[in-house]
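Here is the structure we will look at.
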């Protein structure tokens, strides 16, 4: 609750427009619904002006439907359900109109925004990183951003990346996604002038340890301007990239 | 090398203004000087328009002086030397005019920019995280950003953070710095509308494992819009925060 | 064996009331039955006055039935079987009357105590932590404690937690359950005046490493009064919380 | 801020006793002082009624003195400074009257409470664990608890522990402190009827990995009623043990 | 090849009894058969006088049959096949007479030795450790040792172990098998006068990390006379225990 | 792009043979095809003169077919598809003529080179390491090298290795493959005069941690001349071994 | 306490030879002295008939002196103080007659046993492992065993080990000590007929991780008959080796 | 011992030229000297024809001098002492003529070979990696190879590397040395046609974990033809690079 709101409520009280108990209610009013198993947050929508997000893994289809309907009832038009496997999507889709992006494992309630702005480049080291990249790309598109996909530009064939320098130089934000040795983030970080969000993936075998090798590599990037999100967290990267791409000028 | 430059060189060649060997030279021309032990990068300055950075740890004072002078000779006015301990700073200071920030362990050649813009909040969980915070803050200031310091607002006394909600709500970027359990990033991430860059610190003992606990905590943040840099990497956070704060509008 | 008992046995012997071999027998008498594959402990019941517990994982249904019947034959009325999957529960239920709590993965032989006392708050960071929470809650209820469930109050939406401050302030013990970054324990620990038992869960992906991130986060909590049990160990938390809630005054 | 207080403030405002801006101030009033480098918490004192605690590691003597004086000025009589090395204690002692417990590495401002209640047993596996044990014991004593020390009762000579069964059986809380294999917690947990707080120590070499072996051992204790705090966190154990020992009856 | 043999061969050569090429052959003669995929060792039998062992995991049934037949053809009477799952055992059993011990996951070709000597105690912390214990026990029995099984005597109910002190005091070797916190080895090591071989098991969940907690605990045992084998390596413990039990006096 | 080519293009431009835009095109010309999901590299073929390689894991059969056809269309005659499971191989084989090596999990498009040169020894510690060994051997053969297989020569029966000293002494490169304790690389490294490439395998259980034990063992080899590739990376070892075996003299 | 003793005490009581309180005393009599900081164990001496051991690390010189004198007063003639650094040894030596073995870091009170029996081989991989080896060797000698030292026979020069096959073949127990890749244990385990105790050392750098590489290597030894003690635990290996070497025949 | 030699010895024996005991002696003759603390290997010299190597860390100056003199007495002319700190070098230099390379921490007895052949490129990511690079370079030079140093060409400024493509394309072997994220190996591996030996360094901080990040990165390199040695193991890389560079043609 911000100062202005508080001041307004208190002024109404001082003016006798509302009662003490009303004021208590308003100040303490919960900006979420309590479903028992979940407490969906209705304030975030006000802040973002875009889609609300449900983390789909570890929730039953019934819980996802319940949360979705609470959000819809509260005026939410677009909902993103991440880490949603195909089977759950099928069950949910019988209750609620759902657009399921299989590679991205994202379910969409509502519709893609028509106007997209700016430019987010989503680059991957290899073909196997594409599912994570799609999670990032679909998230960013759903939040109203133009996305350029640059897949399989890993550092072992550096010319594939270098021949796309134009895309990299004109991006407002870049999401660099790679498994194995995760070196893509550093090379892009060295080429680009904009913020780079690195996403390690669990792609690899042996000493890749399910993405730890790429994660450590990215955290230790010798390039400035690179930050990192969790292994396989395409959504998180897409979300922050959207925040940055949509920054207003000073 | 960008297309325009290439086109210009080739045009000059086609026009007979320069010879083939000159063209080869120009196309292949190295945008750095080779000092043997280092190859300082002169292009980055053109891109950033601000200070150049030398990572001070693991370099001898002589090497730092050499690199600094190469940069100065190349027209660089402001240079940041990070992870610079006091003893080395003393030795360098005898050769080059150096402003040494002891808490931040940063040496500055040149002067702070006079105009600072936007608003970057640098928050710490505790008093012991301040050295990392100062590295971030000084970096951001040196790159021309307004910085608000919010120290010792860790989550175990959540009211200390909540009473600063205004600062958090009006920031363009937030750097959340914490050791131990690193929960600060998640709580700030949940409160703020802007990108949050989390910095785990090596503050703590026992199972903090030199910052791993905080690092993992931050990577797993359940708040959207949070990305992470290396343990104790105040510079990296300040640098990327500057990039974001200084974003132009669309 | 305590001094009093020993003294009594020896006095009986000195008085000629019992023979030497009887005394040996009594002193060495085993307070458990030896089933070969298990040695169920009958003394614990005397101490607790409540339910006995069987750790269900890694035991065959036949072994669980055998141990249960040995306990029942020894006068045990209520038995808790933890980490019991549905299939095993089905097999056991054909031999012994069993109330199976599917979410908690607990099988109950006997009946819930009618009188419950005090107040234990069981809080979770998210919806996916509910199975562990139910293990804790059912355990605590079975041991005769009132339980208040506070689910999905994770720190990324801190107002959901803050709007339940009353419950937290009036608890005698709190069980804080969270996966991912596990920050819930620190925030609750900072708000509450009572002991907090933190339970990391294996909920999460990537760098959550099956609960390690949450575990480390909780062990490093900067809040005083927080202790931790094993990853996903809802039972252990419920058990110790019961001990604390049922403490007698001095 | 609790409902009652809020209702009172709002009533005063409705009654015209205070102005709107006063009400804003009171509602938003910070229960801590902002020293820049720290924000000492004055509310905690109200809740605990006993000593306030400063974590001494990673703070300069000047910062510790500053925080201490802010607390004293705010009416705090007893202050505990933990993880305080001898050298810093010397510097602080020149400014503020300080009782320094060298083994426990605790500095005490004020005086030990005269009345101590209940019974907390502090047990160690070996002689080398004593510094951590003293941190726990001094903390518990300072918070008004009777403490029984039971040192060097490690499980490799189980009779040393068994001959102290009386102490263990009559404790209200037990703090079990051990390095190396950390088995003490499990054995005590199996013998005792009361909550056991386990503290792994960094004592050991080789595969003890600075306390990880003991930590894992304690987290996996097969005894019920055992919870764990951070490696070497004697303070945390003493603090929670005090909370439990001082529980009021229902 | 020992000196005596070499001397004999050379003497035969010097005496003209054998040719140079025969001598080369004899000296270089391979004490194993090369099956391409395996080189079964026929010398070991001579040394041990007992059963030969095939590590069953990671070998196809066909390979196991091939190696077994090579050993049989070479005069081996008893063969132990360890880590052999039920399905493979079924396939092999169709080709070769096989006695399959399901709990121990051991297949036996040949017959148990009739004479068994000495006394090896195999103790487990819990019921779930029995499969590993049976691997150790069957191995030791097959190598001609008397085995006493002492299952479910974990340290959380120390009286179960103490009431078996006689068995422990009269053993020549003890195999202490436990998962979770693995404290059994230390307690037995403190009680016993004979060598103790500790076997960590992968029993447990959460921070037991598939046996690492128990492994570290056992390696850090504060009891003298304890050594450790790999997680779940019942065979290795049974084998070395046999070596020790069958030691000749000096 | 090498200097000569650049010089030629620029000379053509200076000579007016090509236009500026043609020159730009030629200089920037991409040596790969962009399939969207992949960017197969056509330059590598020119360099190697042998087979091109597709990493099969994490790619769909459709993607593998697409990449293969792009390579074939570009003149590639032999293609190696590694880490290819049987099911995928079946699907691909319906579209493209494929020779599938099941143990090696390698699919071959095209044919084995007829002329093979030099000598690469592929040695394994045990029978279970053979799949990785076959990946290395088939790779090396496909790249035109003679391969000698030396399987099951692990160090626990050192005579099996010593009786093959001739093979080891006459090799140009040796690939030493082992799981468990991975000691094979060190022993071979001590015996051989040529480069040894060590491959840790994920064979083992318990504290082998999926190959980490063998990996660390090999990295710490006290023998000179040993380098290491990723766990189970038979392909990588075969590839580098081929490079070394095919070295031209000075 | 064994059955016989108990029976005797009880018979004396039944016969009226001793009083009830005497019997209580005798049954409960503590076989150790309580020094506050330590509880030295006087029973162990009875069992071993040889030297008592004090773990010197983490104890102050004063504590070591106190424990030593308690042991001496109790009739102990020979005392071994392990992990004792030179400085502490100097301080202790002023109070008690001490023979300090600098390489082994062992202090000896009393004298070496005159009669030594059997044969324990102590082998090391390299020269740098000698301190750990001396700890093992001196311990074994002090406990009355003949020791053969075989230093610097690491596997990278396998002929150095093979030329000592005689020593290995005639040992009753072997202690195999190595850092780096720790392969020595496996090779010796394959050559020898007797139990092998492996000791990983912290010798090495980089990925040896302070002995973890050697530890894992040894735990995964493919040779039967090998067990492992803690990193650098020469004492533990010497102690168990003595137990085994001194085994009586059946 | 090779077949030819054996055949010769046996022929001499058959011919009566030597006695049986002489033959035993010759066959069993030890190709090393036993100094007690070390067994320097004299055969290796014969094989290499170049310098012998002593690993200096963990050896006393006295031991290094002893081993050196044994080697010199045996005809060795050039000796390399690696990981030798300055202080030890000073002490050794008083006894034996020693050329100490401080950055490389290598001591050289004898003289650099006059003829050097081929071309080994030693590249580093940064200035701080130079000490490891010098260890590799000096080793390679001492073994008779031409070395080209390419320092500070890390991937964050990819043009610094690309402008040295000529050196990379004409190398016979490349040693790629980097700390932090270690991406250099992959980029070079993608550019080069020759074997690449990657050396991770312990340069970095935080999540670089003393070189683990770079090590994992290099092991997971998506470039073919890259193998890895231990962290900071410049010597190992230089040694194997020499083996490869000096390969004879087929």
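Going by the order they are written in, the chains are A, B, C, D, E, F, G and H; count residues from 1 in each one.
Throughout what follows, a contact is a pair of C-beta atoms (placed from the backbone, for glycine too) under 8 Å apart; a residue touches a chain by one contact, two chains touch by 3 or more.
If you're wondering where the values come from, they're calculated on a predicted model, not measured in any experiment.
Student: If you apply the touch rule, which chains end up adjacent to both chain D and chain G?
Tutor: Output, common partners of chain D and chain G: C, E.
Student: Out of A-C, B-C or F-G, find the interface that copies D-G, where copy means more than half of the contact pairs are identical.
Tutor: A-C
Student: Going by the touch criterion at the top, tell me which pair is linked by more C-beta contacts: E-F or B-F.
Tutor: By the number of C-beta pairs in contact, the winner is E-F.
Student: Measure off the straight-line distance from the CA centroid of chain A to the CA centroid of chain F, and report it in whole Å.
Tutor: 38
Student: How big is the gap, in whole Å, between where the Cα atoms of chain C centre and where those of chain H centre?
Tutor: Centres of chain C and chain H (C-alpha means) sit 58 Å apart.
Student: Please compute the C-alpha centroid of chain B, do the same for chain G, then give the distance between them in whole Å.
Tutor: 54
Student: Between chain C and chain D, what is the separation of their C-alpha centroids in Å?
Tutor: Chain centroid spacing, chain C to chain D, equals 25 Å.
Student: Where in chain F do residues touch two or more of the other chains?
Tutor: Those would be 3, 28, 55, 126, 157, 206-208, 212, 215, 219-220, 222, 224, 230-231.
Student: Using the touch rule from the top of the page, what pairs of chains touch, sorted by label?
Tutor: Those chain pairs satisfying the definition are A-B, A-C, A-D, A-F, A-H, B-C, B-D, B-F, B-H, C-D, C-E, C-G, D-E, D-G, E-F, E-G, E-H, F-G, F-H, G-H.
Student: Touching chain D in the complex: which residues of chain E?
Tutor: For chain E paired with chain D, touching residues are 125-126, 154-158, 162, 179-183, 185-187, 189-191, 204, 206-209, 212-214, 216-224.
Student: So in the complex, which bits of chain F are touching chain A?
Tutor: 28, 30-32, 35-39, 41, 43-44, 55, 57-59, 63, 67, 83, 200, 202, 210-212, 215, 230-233
Student: For the complex, give me every residue of chain A touching chain B.
Tutor: 2-3, 47-48, 53, 55, 117-118, 165-166, 169, 172, 193-195, 197, 215, 219-220, 222, 224-231, 235-237, 239-240, 243-250
Student: In their complex, what parts of chain C are in touch with chain G?
Tutor: 3, 6-7, 10-11, 13-14, 16, 19-20, 23-24, 27-28
Student: Taking the complex as given, what residues does chain H use to touch chain B?
Tutor: 126-128, 130, 149, 151-153, 157, 159-160, 163, 203, 205-208
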